[in-house]
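Some structures to go through are shown next.
Next, two complexes with chain A in common: one pairs it with chain B, the other with chain C.
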Partner chain A sequence: MHIPDGFIAPQFYLPAYLVAGGFWVWASRDLRQRLDEETIPRLAVITALAYVVGLVMLPLPGGSSGHLVGIGILAMLFGIRLAFLAYSLVLLLQALLLGAGGMTALPVNALAVGLIGASVMAFSMRWQHRRHPLPYLAAGAYLAVILPALAVALVLGLQPAIAHREDGTPLFFPFGPEVVVPAILLPHLVIGGVEALLTLAVWRYARSRGWLDV
Partner chain B sequence: MSDRYWLLLYLIAVVLVTLVHQPCYLLLGLLAVMLLSGSLRWRLLRKALLSMLLFNTAVSLGYLAIALMRDEFRADYLLLINARVLLLVMLGFWLSAGINIAKALRFSTTLSFLATLAAGQIRLMSRLIGDYRTAFESRCVKRPDWRERRRLALAQTEALLEHANHAATEISQAMRSRGVFDD
Partner chain C sequence: MVSATTIRTLSLLLLLAYPALIFPHGVGMDLDRQEAQIILLHHDDETPLAGAGYELFVAGADLPYQSGRTDAGGRVVFLPGDIRQWRLRVFGEDGHGMDRQFELTADPPQQGREDHQVSTISRMVLGLGILLSVFGTALLLAKRNRH
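Then we have the complex of A and B:
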């Protein structure tokens, strides 16, 4: 779902850095107080898990492939603020170590996946049914993939309108929303299902280890 | 120059690259990076090409098909977008080969700390996944079906979670023994 480097116009990614910067400040407020001797290592390890989960490529119909995201797991275990920070760190490491995503796409990816995705999952955690939480968690994890994918698709689809030459030739991403929204969203309908199953597996494990207050 | 300044310089270079819309200047920038990166150049180029291959091929072919249908094809656009992405990815890999990312993030102690711990765990987990895949492939005489793949995915998930649990406990104990949490 990542937007790769070089496809977002500076007219979009520079303001996006300002917005993301505001959220990074908000998310990192009182960080040291919120991280104790159990949370720091667990956050680091689950951040690494989210990174590694992003390396697992899923074959999709039509010969293409997609990858899992891991934001549902982060949000389920650490809440919106820490999940947003941790996922931003995942994006930074992916950009610098793997060349996936990139610095020009980082704020958009962080806001779309890290913030929207984590918020959706955190709300589903908050509203879950006490005795039957699984459908809520599965729906949350599913939507935590679908809604960010839609946001990413819309941002990409805006690029030809934002940055183009006088003759209309695009300077960054070439396709409008009518092409890019279905192209991104349809594979994520499958990826979201796999992500939901993975999140439920982690939820069961986390609950058995006392990582969750459920 | 410290790692933090290299990171800053890299960020400025990234913004400048996205402000250039002439493919020839981007190709000159690419040439400069190739020359300056010394003995690393071919490894960086190969890594960059591999990492951008999937997405850029899809976008380039998609553009080619749609633009030809609409009779709007511009070869310089394809050159521009591919040269820009290649230069940006090369710059990123060159930076990560030359600096310690955790040191560059030292403006926030907690972030630097998290990055160091996470980067170490990423290496361990990636190796674990690689080992599982290799072992799985070595056991399969023919192409594995969906059931076998599902079993592999479940075993991998379980192994990763167990690893995560042990690693978190170990790190916590190591940090405590070194007095990190002493007030």
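Then we have the complex of A and C:
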């Protein structure tokens, strides 16, 4: 979901920046109270993991490729607000250093993946069964990939309707939802499964280290 | 009174006077050889970006100079003439692609695949360094644990 510049109309990304800015302020409040000497190194390592897995392309059936996200792990260990901030930083670095995603798409990606994805995972953590948490965690990690993918697909699919020439030619992303939703969702059905497995592996490690008891 | 022979003769003369009218639906083809500009598009793993939709604009223009799909080798081939400044938009149905301005020079820089990969890895490592620096700074400013 690395949407480049030039795909999203200013009529959409400027309000998206305002909304994302509000959530960045919300997520940054009381940051010093929530970060301590134990949390920061863990957050650094998991953020670095999300940064790297977002750049490693996995071959998918049908000849295409995709990448993991890591938002489920961030939200599982640190909650919605820290996960949102950390993932926004990941998106910023990927955009500035590697051209993976554009600055105009940053608020859309941050809101979709960083906020929706983290929220889905955090809710699954809250509702998990005490004795059998694995299905809840796996479903949360899976949906933390699928729902943001759907959100991004819908945003892209809206662009032809938002900005077009008088003759109807799209000025930005040219494909409607009937094309882009399956094109994005189908690969993410597989990516979500791999992401769920990775999240469960990290959950086992984190539980053995007592990170989840905090 | 005009005779039928006169009408037929005038009609024939009219057709001969406007020969283009005789073949109004014809499609012609001429072969030509010119020097073209080639843009090579590829995925991050250097495999060709084949069959991707693109729009090529003269910089600042609203309507595309050329549009279509990349060939099996991930190529966009066009005749730039004297125009130097261009803009290329490439769209994947899954939201991947690019929108980039570029300038044609007389001697384009030859960048090998190894250079490109080294550059990407260097920037990945740089990103990790920046991340760790940010969190290192946060660690310096963080509150101390009480236990």
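In this section, the second predicted complex is superposed on the first by the 213 of 214 C-alpha atoms of A that agree within 3 Å, B and C clash if a C-alpha of one lies under 4 Å from a C-alpha of the other, contacts with A are read in each partner's own complex, and residues count from 1 in each chain.
We adopt the following convention: a contact is a pair of C-beta atoms (placed from the backbone, for glycine too) under 8 Å apart; a residue touches a chain by one contact, two chains touch by 3 or more.
Keep in mind the model is a prediction, meaning the values are calculated, not measured.
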(request) Could you check whether chain B and chain C clash or fit when both are placed on chain A? (result) clash
(request) Could you say whether A:Q33 touches chain B, chain C, both of them, or neither, answering first, second, both or neither? (result) second
(request) Figure out whether A:L134 sits in contact with chain B (first) or chain C (second), or with both, or with neither. (result) neither
(request) Could you say whether A:R209 touches chain B, chain C, both of them, or neither, answering first, second, both or neither? (result) first
(request) Tell me which partner A:F175 touches in the superposition: chain B (first), chain C (second), both or neither. (result) both
(message) Contact-wise, after the overlay, does A:M103 reach chain B, chain C, both or neither (first, second, both, neither)?
(response) first
(message) In the overlaid three-chain picture, which partner chain does A:L55 touch, first (chain B) or second (chain C), both, or neither?
(response) both
(message) Quick check on the superposed pair: does A:V152 touch chain B, chain C, both, or neither? Answer first, second, both or neither.
(response) second
(request) Examine A:A44 and indicate which partner it touches, taking first as chain B and second as chain C; both and neither are also allowed. (result) both
(message) In the overlaid three-chain picture, which partner chain does A:I184 touch, first (chain B) or second (chain C), both, or neither?
(response) second
(request) Of the two partners chain B and chain C, indicate the one touching more residues belonging to chain A. (result) B
(message) I'd like to check the shared interface: which positions of chain A are touched by both chain B and chain C across the two complexes?
(response) 4-7, 32, 35-38, 40-41, 43-44, 47-48, 51-52, 55, 64-65, 89-90, 93, 97-99, 102, 165, 173-175, 179
(request) State the interface residues of chain B toward chain A in the complex, per the touch definition above. (result) 10-11, 14-15, 17-19, 21, 47-48, 51-52, 54-56, 58-59, 62-63, 66-67, 72, 74, 77, 80-81, 84-85, 88-89, 92-93, 95-96, 101, 108-111, 113-115, 117-122, 124-126, 129, 154, 157-158, 160-161, 164-165, 167-172, 175-176, 180-181
(message) Applying the document's contact rule, which stretches of chain A touch chain C when the two form their complex?
(response) 1-7, 32-33, 35-41, 43-44, 47-48, 51-52, 55, 57, 64-65, 89-90, 93-94, 97-99, 102, 152-153, 156, 165, 173-175, 179-180, 183-184, 187
(message) Touching residues of chain C toward chain A in the complex: what are they?
(response) 43-45, 53, 62, 89, 91-99, 120, 123-124, 126-128, 130-132, 134-136, 138-139, 141-145
(request) Could you pull out which chain A residues touch chain B in their complex? (result) 4-7, 9-10, 13-14, 28, 31-32, 35-38, 40-49, 51-52, 55-56, 64-65, 85-86, 89-90, 92-93, 95-100, 102-104, 165, 168-175, 179, 198, 201-202, 205, 209
